[in-house]
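Heads up, the next two complexes both have chain A, just with different partners, chain B and then chain C.
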Partner chain A sequence: MMSKMMIQIENLYRTFHHGSNEVSVLKEINLNIRQGECVVLKGVSGSGKTTLLSLIAGLDKPSAGKVLIEGEPISKLPDLFASELRAKKIGMIFQHFNLFEHLSVNENVTIPLIPSGLKMKEIHEKVDESLTLANIIHKQETLASRLSGGEKQRTAIARALVADPNIILCDEPTANLDRDNSLLFIDILGKLHSMGKTIVIATHDPLFDSLSFESTIVPMVDGKIV
Partner chain B sequence: MNEALLSNQVIVFLLSEATLFMLLAVAFIVSLKVLLKWDFESFTPFQFALERQAYLVSTIILFVFLMKFILVVYFIFSIDALSLLLPGAMCAAGVIKANIYGSYLLILKLFILFLLILWIYVHSYDMRTKNHQWFRKKSWLFSLIFVLIIVELGLDFSYFSNIDTHMPVSCCSALFGQLEGANPLPFGLSVSLLLVLFYLLYILVILTIKSGYTILYILANILFVFLSYYAVVYFFGTYVYQLPTHKCPFCMLQQEYYYVGYLLWGSLFMGTYIGLSDAVSTLWLGKTDMRSKKIVMALLSVFVLLCTVYVAVYYLRNGVLL
Partner chain C sequence: MNTNAFWHFLSLQLFKERSKHLSIIGISVMILFLLSSVLFISSSLRFTLEETLKVQPDFVVNRIQGGTAVSTPEIWGDELLDIYGVSKVTPRVYGRYFFEAKGSSFLIVGVDFLEEQSHENLQILIDSTDIKDFFNGNQMLVGEGVKAYLDAHFYKDSYNFLTPKGVFKKVNIFKVFPSQTNLIANDMMVMPIDLARKILGYTDDEVSDITFSVPNPDEWNMMTDKVSALHYDLHVVNKNDVQKSYENLYNYKGGLFLILFLVVLATFTLILYQRYSMVYSTERRHIGLLRALGWSINDVLKLKFMETLVVVFISYILGVFIAYVYVFIAGAPLLKEVFLGGQNLHNTLSFVPVLDFSVLTSIFLLYALPFIAAVLIPVWRVSVTDPKEAML
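Let's look at the complex of A and B:
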């Protein structure tokens, strides 16, 4: 049976204006991603990968075109609804981790669940599960500022997974990691893929060229899919 | 040059009004363009640009409206300060009657204040829908407010530029004696009947606030604010001044009376306006807000309690009523 469509992108454009200059960062992007698919957006810096991820996450609005998440258009959602949708359906992993340095691993991972209204017992269970999956549970009481790059990235993974989203978006996830930690990260991605998560990765790291699990490489050049 | 126009307060007030008006004029032109070409179902670059402009315009309007609240209070403060310049004026009551524009201006400002709160309601509901369901209604309401603000600005300048600082004005002294001649109270009411209606209407407003009788609630609210004005001026105010002949809505805004007028009138008008906006939203948009109802109850209760406390304290101290 064909899995359901998770992300649909139709004729997407994003243009920025600098005074009288117009910079087209994305042009005529069309892309369909099904549930459980892993898509690697490959391209050099400035090819529009991060902008595309921001539009998929509803962090930015397009200049034209549509982004649909599970059939619901996200490109016009007011911030309030976009945040709600992100909290429920999308987990994000960033190049610079974006952790609260003065909080512990446990606290960083707990934060996305605070507005959920779950009971503390349930929150603790979900956090533990997520920390175990990301292989960082042994550091749960450590402050984020005391972690190595690889540990920070695994904390970021745990935070992205804690609300059990169907979609995981990764923006240059291995850019600040050494080779061993990058391979460890890819290993965890493999686990998520086997769990049926839909994964979109924006990267220029050659390690993603030949993943051990099924993936689709989508090359991007100058804001276009080629 | 008119001396009133050279007063610091008036200069600041008129400059602020003019600046805010310019911001609103830009917002109005853009919003009209957005309104006429709005098609939320479209995903074209033009529609996306309109949506960005609509967001910016709404933010400007919200900012200007919030500033207008402060300016209404500052207007009252300014005309109160002008009483020093006008022969015969002891407070804003005399200054407002310095020419024919004053009373109309004050009434218009109070009406615009209500429409601003209503716009903020419609805007907040609109921002909480996925498809900006109330955008058109919000924009038309803004257009109406903008027209009234043009009139208000015209009246602002006409009023302040036509204050003759050499012409004596009648002030509280004239109000003092009004009960001795024709009955100044509406519907030929006596003060005691006015008070009974005042408390009954307060109870009716509180009882109907959460009921489904929206029309009754609106009517009770309007009647309550109308009669409250007379109740404060002709009864409760005399206890604020501790003088049975002093019947003025403005003197209580002065330092001598601890600026209690701002709290009294502020709680009454804000409570009524928020209540009416919520009720109009219920009828117009089918939306209601429970938090607003609690705020209305709190504000109107503060108003009624404050009025009552002045009378009670006077009685406890002196053993008699005025």
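Let's look at the complex of A and C:
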């Protein structure tokens, strides 16, 4: 039986305006990603993969076309619903980790659950689970500013997983990691893949060319899927 | 949003970014302290003034010739008494006596100690004075400011007045007025009316002015016209006019401070606005990140609003409390001189504690609204932009 469609991208365009100049970053993108799939968007810097990831996450709005998450058009939803969709269905891992440096690992991972309506006890349980999965529970009381690059990345993974989303989006996840930490990250991705998570990775790292688990490479050049 | 989780995160944010919040609270407390002190002093002075005016005579008339106050014939008192509705007609002799060497002056007030006084406090003071003892020689009652000034110039028990005829008149200090009366009595010397006439150069049938009461307030407006019609050079002032003049004076001083405060507040608001708007990139990035992690615009605004409210509330409590201690317990050193500094003798007036709800509300609104707006408007602007753009 075919798994359900998680992400549908239809005729997607993204254009930026700088004064009188118009820069098309994404052109005519069509892509369907099913549940449990791992898709690697590959391309050099400026090929539009990060922009595409932002549009999937609803962090940016398309100039034309649409992105559907489990059938819902995220870019057209009112803020309250788009935020809820983002909180429940999407976990995002950023290139620069984007942690709150003044908060501890534990507190950083708690943040996505604050608006969820869960009680503190439930939140703590979920946070512990997520920290264990990302192998960073031993640093839970450490301030984010005192972590190494690899530890920051694992904290970001724990934060992305804490709400148990179906979709994990990773933007250049190994760009700031050494080889050992990058391999460790790929191991964790393998675990998530085996859990049935839908994973989309935007990267130019060759380590993602031959992953140990099933993945689809989608090459991007100049804002187009080739 | 679960309330417990929200409060937990709010307290976390406040505690973890305490240096930022403490610096804002520090500046806020200073601004609130300044504003509260000025408003406390103004309201206390207004209260004292109202209390003082309550016991003042309703009307005062004197003679003005060529735009200058000259001595008033005492006989005018009888004419006033003939007007229906007028009571308690009292002639007064008073005037400034200049202490040439130091450029200061005292207010000499001559009273007829055997008659009922137009000023209730004066009556109370005289009632508590042993008249027989008082008339035993040239005596006077003096305000605290006068006493302190004379002491400083080695006139411990008496003072030698130089009359307009060039003769020295030695007058003993009989008693000092209590400090509660300092707003009006600080530079005052009260003495028998005949003695005051000699020192100030009045003849026996002349007085400085004449006071009277009109118990029915509805007759006040008409009374001014009636009395003015008696003589072309007669000048009438009622208690309301005096109150307005004093209020204008204190409002003017308080107003100057309010303008200064508004300038400071505007600057502070601008700094806050800049801090939370485009200029302050960390704050912007944090808001974008919260949005990217699934927080709605409302969630972000609620967090920032509550964060700001806690800062505003703590600042308000501290600022008002310190101002209260400064004004009503410490006696507002420095600021007191600004409000009372126009007087020629040092005034030891202590401010009566007045906690007016409208003043407290004004302080809160004057401070809290610009503060909250300065924070929330930029936060809202950042919140409604796409998270990706905010995180850049």
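One rule holds for everything that comes next: the second predicted complex is superposed on the first by the 226 of 226 C-alpha atoms of A that agree within 3 Å, B and C clash if a C-alpha of one lies under 4 Å from a C-alpha of the other, contacts with A are read in each partner's own complex, and residues count from 1 in each chain.
The rule we apply is simple: contacts are C-beta pairs under 8 Å (C-beta built on N, C-alpha and C of every residue); 3 or more make two chains touch, one makes a residue touch a chain.
Keep in mind it's a predicted model, so treat the numbers as computed, not measured.
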Simultaneous placement of chain C and chain B on chain A, clash or fit: fit
Touching partner for A:K76 - first (chain B), second (chain C), both, neither: first
Chain B versus chain C as contact partner of A:V226, first or second or both or neither: neither
Which superposed partner A:F100 touches (first chain B, second chain C, both, neither): second
Partner chain in contact with A:A87 - chain B first, chain C second, else both or neither: second
Chain B versus chain C as contact partner of A:A64, first or second or both or neither: first
A:G117 touches, of chain B and chain C: first, second, both or neither? second
Residue contacts on chain A - larger count, chain B or chain C: C
Partner chain(s) touched by A:Y13 [first = chain B, second = chain C, both, neither]: first
Smallest separation of CA atoms, chain C relative to chain B, angstrom: 9
Doubly contacted residues of chain A, that is, touched by chain B and again by chain C: 61, 80
Residue ranges of chain C touching chain A (in the complex, touch as defined): 1-2, 4-6, 8-9, 12, 16-17, 285-286, 289-299, 386-389, 391
Touch list for chain A against partner chain C, complex: 54, 57, 59-61, 79-80, 83-84, 86-88, 90, 92, 98, 100, 102-103, 107, 110-120, 123, 159, 163
Chain A-facing residues of chain B, complex: 40, 43-45, 48-49, 51-52, 127-132
Residues of chain A defined as touching chain B within the complex: 10-11, 13, 15, 61-66, 75-78, 80-81
